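In what comes next, chain A is part of two complexes: it sits with chain B in the first one and with chain C in the second one.
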Partner chain A sequence: MTGYILRRIVQAIPVLIGITLASFLLIHLVPGDPARIILGARATPQAIADLNHQLGLDRSLVAQYGDFVGGAVHLNFGESIKQNTAIGPLLGSRIGVTLFLLLYAVIISIIVAVPLAIVSALRRNRPADHGIRLFSMVTFAMPSFLLGLLLILFFSLKLGWLPTAGYGDTLSEHVKSLTLPAITVGLYLAPILLRTLRVGIIETLGTEFVEAARARGLSERRVVLKHVLRNSLISTVTVLGLNVGFLLSGLVIIENVFALPGMGSELVNAILARDYPMVQALTLIFGVAVVMINLLTDLIYAELDPRVRL
Partner chain B sequence: MSAGAIPAVAQSAATRLRKRARAERLWSSFTLWLGVGIVAFIAFVSFAAPLLGFHNPNEQHLLDALQPPSRAHPFGTDALGRDILTRVVYGGRIDLTFAFVTTIIPFALGVLLGCWAGYRGGWLDTVVNRLVDIVVAFPFIVLILAIVTITGPGLKGAYIGVFAVGWALYARLTRGEMLVEREKEYILAARTLGYSPRRIVMRHALPNVLRASIVFSMADVVLNILLLSSLSYLGLGAIPPSPEWGALVADGKDLILTAWWVATLPGLAIVVTGVAFSLIGDGLADRLGRDFTLTTGGEADAGGR
Partner chain C sequence: MMSRRNGAAAVALIAALVLAACGGSSKSSSTNAGSQADNAAAGTPKSGGTPKTGGTLVFARSLDAEAGLNPINAPNNGSIFTIQQIFDQLVEVDGNKLAPGLAESWTHSADAKTWTFKLRDAKFSNGSPVTAQDVKFSIDRFADPKINTNYATLGSSIGTIKVIDPKTVQIKLKEVDGAFLENIAMFAAAIVPKAVVEKIGDKAFANKPIGSGPFLVDKYQRREETVLKRNPYYWRKGQPYLDEVQFKFVPDANTRTLELRSGQVDVADGIPYNQVNSLKGASGLKVEVADSLKWDSIFFDTKKKPLDDVKVRQALAYATPTDQILKTVLFGNGQVANSQIPRVKYWDESVKPYPFDPDKAKQLLSQSSAPSGFNLELQIPSGDAVEKQTAEIIKDEWGKIGVKVNIVPRDFGTMFSDWLSGKGGDAATFPGDALSSDTLSDDEIAALMYDPKAGLSSLGTFYDNPKVTQLLKDAKGTIDDNKRRQDFSQVQTIGMQDVPSVPLFFTKSVSAYRDKVNNFQTYPIGWWPLREVWMGS
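Moving on to the complex of A and B:
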C-alpha cells in the first residue's frame, strides 16, 4: 500500500510542476509587452516601466518563478490589475459560491444518474433502456449554456419560481439562486456518471456473489439495492473524482450564464480584461485542485479496492 | 438435428430469443444509419449552402429585425435582421470543420503513437506512457483557457489546445489494445514469416486495435463541438460576426424573454449534431461488439475535458 501511495504521489509531481510552470509562463508567453497590452497604446513609457516593476517582470525568470510559487504556497497571488485589490482575499470571498455550486450539482447529478443507471442496467436493451440512452445522449450533446438558458426561460421567466441570476444574501436565497445552476451542471455531468454506472451494474449483475445472493433466495429488490448498488457506489465516487476536471468546465460556463460571483466567472472576466495576475492565480488554483482531487480519488479507491494496488 | 427432438417450450423460447436479438440488431442499425444520415445532411447543407440558396450570413435587414420564425425566415431573424437559418447553416461550416480537424489529427497521431509504443515496448513505451499520464492528468479546461489568454480570443487557441491534449487518450486506448493484440497468433505468424515490424503494425495489427479509438472518436467529436461553442459563448472563441453556433446562442441570450428563437434554434443545431454523432458512436459500439461508452478505457478520458 505504501508503495502504491508513494508511486501515485511521485506521478502527480511532474503534473503539479507543469501546472505551476504553465500558469507562471502564461504572462511571458503573451505576444508583446504585457504591460503595454494592459495599459493600452497611449501609455507613457514611465507607466509601462512602473507596471513592469509592479508585476516583477523586470527581474530574472528564475527569481520570478521562485516568488510566484513561494507566494502561492502562502496564498499570496499578488494584486489584481483591474480590480486593484489583493487576489488572495478576493478569491477567498468567491470560493464559497463555487464550492457550494459544485456540491449541489454533484448531489443532483447522483439523484438523477443512479436510479436511471439501475433501471437502464436491469432493463438492458428494452424500451426503458433505449429511452434512458436517448436522455443521456441529449444531455451529453446539450451545451450547458443552452440548458441554462432554457431553464431560465421556463422556471424563472415563465413560472417565476426561481431567480434568473445572482447569489442573494441569506442561506435560503443562496439555495434558491443556485438551484437552476446546480441542475444545469448536474445534468451536464449526469450522462458520464450514468453510462459508467450502467456498465458497472451490468458487470456486477453477472458476478458470482450476486448469483449467490439470488441462490440464497433474496428478493431481486434486496439483491439490487444491497449488493449491486453498494458495489456500484464505490465506482460512482471514483467516476466523480476523476471527472472533476470535466465538472469544472461546466462550473466555469454556468457561473457565467447565471452571473454568479464565483471563481469561474472571475476567471472568464479576467481573461477578457487581460488581468494576467488574476488569470495566473486561478489557473494555478484550479489546476492544483483538480490534480489533488484526482490523487485523493485514486488513493481512496485503492484503500477500498486492494486489487488496484497491484 | 430434427426440430421434433426439441421440446416445444424450449423451441418457442429459442424463437423468442432469436426474434429479440434480430429486433435489437435492426434497431441498432437503424439508429446507426439515422445518425449517419443526420450528420451527412447537416454537412451537405452547410458546405453546399450557396447552391441551396443560402447566401450571405451577415446580410442585415434592419427593418426585419427580430421577426419570429415564418415561411420567409424559418428560424426567424436576429436583432440586426439577419436570417438565423442562414447563419446556422454557415455556422455549421465552422463547427463541423473544427470538430473534424480536432478529432482526426489527434486520432491519427494518438493511434500511431499508441500502436508503436504498445508493439515495441521498451523506452518508447515508457516515454509515451509517461507523457500520456501527464497530459491526461492536466485539467483540460484550465489549459485551454490559459492558451486562449495567450493567443487572445479566436479559433486558434481552441485548435492549439485540442491538438496539445487530444492525442493522449487515443494513444492510451490503442496501446492497451496493442498489448493484447501483439501476443495473438496471427501476429506471431506474421513475425515468423519475416515481415517487417512496420508491415506487421500497419497492415496486420492496426485494423484490429482501432475499435476503441473509433468508438471514442464519436464522443470526442461531440466534446470538441461543445468546447468550441462554449468558448465562443463566453466570448473567448469565434469572434463576432462569425456565425459559429455557440456565438449565435450568445447573441440571443439577452433576448431570451422577447425573442426566444434567436438563442434556442442555433442551440438546437448543436444538440441535433451531437445526438447524431452519439447515435453513430453507440451503433458502432454495438457492431464492434463491446460495451464501449463515453468513458472507455479509464474513466479519466471524459474528465480530460
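Moving on to the complex of A and C:
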C-alpha cells in the first residue's frame, strides 16, 4: 500500500508541472496589463513601465516562470500585485474556508443522496422513485446563485435562523455561516451521486452473489446495506472524487453570493487583475488539491475493491 | 486510468481558468429588470434630533480596501473610501465645497504663489501631535512623481515647502495653480506621521496606517472585513459619534440588499437601479440616490475615418436617444449630460444637451464625408448589464441613420489599455464607475478629457483642439474664480460642438440604510463622512 501511494505521488509531479506551466502561459497570453490595472486609469505610460520593471514583468517568460518555481519549492509565492501583500499568509485563511465548505457540502450531499438512492433503487419505477428523481433533477438544474438566494430569503430573512452572508469569527459562527452555502453546493452534488448510486444498486441487485446471499437466508436489510451498497459505492466514489475536484474551482459563484472569503473568488479576482503571482499560486494549490483528492479517491476505491491494489 | 483521471481534472481546471479570464467579471454591475423608479432627490436631509454617542455601524460594501490603506497611490475607491475615514488633509472635502481640515486657516501672497497654512492642535491616533514637519513630509511626497506615481500630476505645481514654526507651513508654488486647494484636499495628500512612515516604510504602513482622522484601524482582513474604532485623539470635539464601523465586503448586489433587509447590516452601497423602488417601499429602510462625480459617455477615436469628421460625430450625437435610455436602463436614476466631463465645480447648466433628432442626424450625415453611412465597432465592458443595454439601444437608433454598429464586449482592463493606445474599436463605453473626479475642481478631469498631452490621449479620443488646451491652461493659471468659471464654460461649449464623445448621463450613487442610522450621507466625490453618523434606537 505504501509503495502504491508513493508511486501515485511521484506520478503527480509531472501533472503539477503541466498545470502550472499551462496556466502560466495562458494568463500571460491573455491581453491585459497588471500595471495599468494597479495604477488605475490615470497612470502615465512612464509610471506603467516603471511598475512593470519593479514587478519584473519586463523580463522573459522563462525567467519569470523560473522565479515562480524556485519560490514555490520553498513555499514562497511572492507578493500579490493587486493586494500589495505577501500571498502565503493571505491564502492560508482562504484555503480553510474553501476546504471547510467543500467538506460540509460533501457530507450534506452524502446524507441526502445515499438514503434516497437506496429507496429509489428498491422502489424502481414506482411513485417514490419518480418523486426522488424529479427532486434531484430540479435541484441539479437550479442555478446555484438562485438556489442560494432562495435559501437566504427563507432561512435568513423569513425565519432568521442563519446569517445571510459572511464567515464569522468563531467555529460555531463558521458552521452557521457555511450551512446555507453548503446546502446549496450539496444539493447540486447530491443528484449526481444519487443517480450513479441508484444505477449501481440496481445493477448489483441483479447479480448472482446477491441471489446467493438471499438464498442463504440473510435479511433483506443486511443484503442491501452490507453487500449491495458496498459493491455499488465503487463507481459513486469515483464520481464524487471527480466532482469535488471540479467544484474546487467552481465555488466562485457561491462564494460571491454568500460573501465568503474563499479561494474561488480570490482566483477570479486575481485573473481579472492579471495578478500573475496570485494566479500562479492559486493554480498550484488547486492543482495539488485535485491531485490529492484523486489520490484519496483511489485509496478509498482500493479499500472498497481490493482487486485495484494488485 | 488513474493518470487519465488526473489529466481530466487538469483540463477542467484550465478550462475554468480560461473561461474566467475570457468571460469577464462575474460581479457584473447592476442588472436591470423591474419597475421604473422615479427620480429621487439627491443627497440626504440631515435628520433631526441630538446626536448620540456610541454604537456600531455595520456597512456592507461592494468594494473592498484590498489594495491597502496607504493614502499615497491608493488605486481604487475600495481603498480610498476607507482611507478617508482614517486620515485628514490640510483642507477637507465638505460635500460640494472645501472646508478647513488640519489647517485652521491659510493666506496667500498677492501673486498666489506662496501659501501659508496655520495648523490646528490635532493628534494622530497614536497620540503624537500633528506638526509642520509631518505636513512638509506628506506634501513633499504628494508632489514627488517617484513616490506618488499615480497622482503626482495633481501636485506638479508644488515647489518648496518650508516649516516656519511647529504650527505654520509655507508652500511655494512653481506656477499659479487655480486648483491648488482642491488638489491638496484629495486623499493622496493626506497628512501622515513622518516618524511612523519613515520607521516602518510604505508597505507596512499600508497594513497598519496611522492618521489623524476620526477612526483608527482595529482589524484589517483583505476581501473580508475592515473594522474601524473611534480615534480617541480626534480633533473635532464629540466626534465621531460611533464607537465602531465594520466594513464588510459583500460583492453580490442581491446579497447586500438581503443583508440590509434582514437587519444584519445597517448600510449597503452599490444598490442596483432596479431595486431602488422596492427598497423604498420596505419598512425601516431609507434609500439615498446621491449626485456623483461620475458620468457615462460614448467615446470616439477621432483619428479614425469617418469619425475624424465633426459632422459625423454630431450626427451620431443627434441620433442618440438619451431620454429613452435614462428611463429604461437607468430607471431615471441620472441626468442627461450636457458636458463631456462630470458635474464638478464649474459645470455650466445653461449649455444645451443634444436633443434626440434623427432627421437632423440624417441631414448632417448626408453633408458629411460618409453620406451613405458606415460600419462602426463599439467596444463595451463585458458583464456590465447597463452598458450592454445602452449599447443595444444605440445600435438600433444609429442603424436607422445608416451607421451599422457592431458591439464587441471585452474584459475592461484589456479593452481600456487597447483603447488608450488607439488599438481599440472605433468607439467605446466604460463602466459607469470606472472614472470619476478625485478632486472638487474641474481641472483634473477636463485635462484628461481634452488635453492629449495629459497622459491619457484625451481619454483615448485623441481629441486635440489648441483653443481648448489654451483655455484649460488659462484657467489653471489663475485663482480668479470668475475667470476660471468662464474658461471652463467655454471649454464645455466647444466640447459639445466638437463631440469627441457623446455625453450620456451624469450618474448617481445609490445606497440604502436602516432608519436607525442618522446623518448618513454620500458625498458627490463618493465617500461618506461617517464621523457625523449616529445610531438612534
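By our rule, the second predicted complex is superposed on the first by the 248 of 310 C-alpha atoms of A that agree within 3 Å, B and C clash if a C-alpha of one lies under 4 Å from a C-alpha of the other, contacts with A are read in each partner's own complex, and residues count from 1 in each chain.
Just so we're on the same page, a residue touches a chain if its C-beta (ideal position, glycine included) is under 8 Å from a C-beta of that chain, and two chains touch if they have at least 3 such contacts.
Predicted, not measured: the structure shown is a model, and the values here were computed from it.
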Tell me which partner A:30 touches in the superposition: chain B (first), chain C (second), both or neither.
both
Does chain B (first) or chain C (second) touch A:294, or do both, or does neither?
both
A:199 in the overlay: touching chain B, chain C, both, or neither? Say first, second, both or neither.
first
With both complexes superposed on chain A, which partner does A:272 reach: first (chain B), second (chain C), both or neither?
both
For A:246, is the partner it touches chain B (first), chain C (second), both, or none of the two (neither)?
both
Which partner does A:142 reach: the first (chain B), the second (chain C), both, or neither?
first
In the overlay, answer first, second, both or neither for which of chain B and chain C A:157 touches.
both
Is A:50 contacted by the first partner chain B, the second partner chain C, both or neither?
second
On the A-aligned overlay, A:11 touches which partner chain: chain B = first, chain C = second, or both, or neither?
both
Which positions of chain A sit in both the chain B and the chain C interface?
11-12, 15, 18-19, 22-23, 26, 30-31, 145, 149, 152-153, 157, 238, 242, 245-246, 249, 252-253, 256-257, 267-268, 271-272, 279, 283, 286-287, 290-291, 294
Which of the residues in chain A come into contact with chain B in the complex?
11-12, 14-15, 18-19, 22-23, 26, 29-31, 125, 130, 133-134, 137-138, 140-146, 149-150, 152-153, 157, 191-192, 195-196, 198-199, 202, 238-239, 242-246, 248-249, 252-253, 256-257, 267-268, 271-272, 276, 279, 283, 286-287, 290-291, 294
Flag every residue of chain C that touches chain A in the complex, lowest number first.
2-3, 5-10, 12-14, 16-18, 20-22, 24-27, 60, 66-68, 73, 75-76, 145, 149-151, 153, 203, 206-207, 221-225, 248-252, 254-255, 258-259, 261-262, 264, 411, 413-414, 416-418, 434-435, 448, 455-456
In their shared complex, at which residues does chain A touch chain C?
8, 11-12, 15, 18-19, 22-23, 26-27, 30-33, 36-45, 47, 50-51, 82-85, 90, 93, 145, 149, 152-153, 156-157, 160, 163-167, 238, 241-242, 245-246, 249-250, 252-253, 256-259, 261, 265-269, 271-274, 279, 283, 286-287, 290-291, 294, 298
For the complex, which residues does chain B have touching chain A?
24, 27, 130, 133-134, 137-143, 145-146, 148-150, 153, 219, 222, 226, 229-230, 233-236, 246, 249-250, 253, 256-257, 260, 263-264, 267, 270-275, 277-279, 282, 291, 293-295, 298-300, 302-305
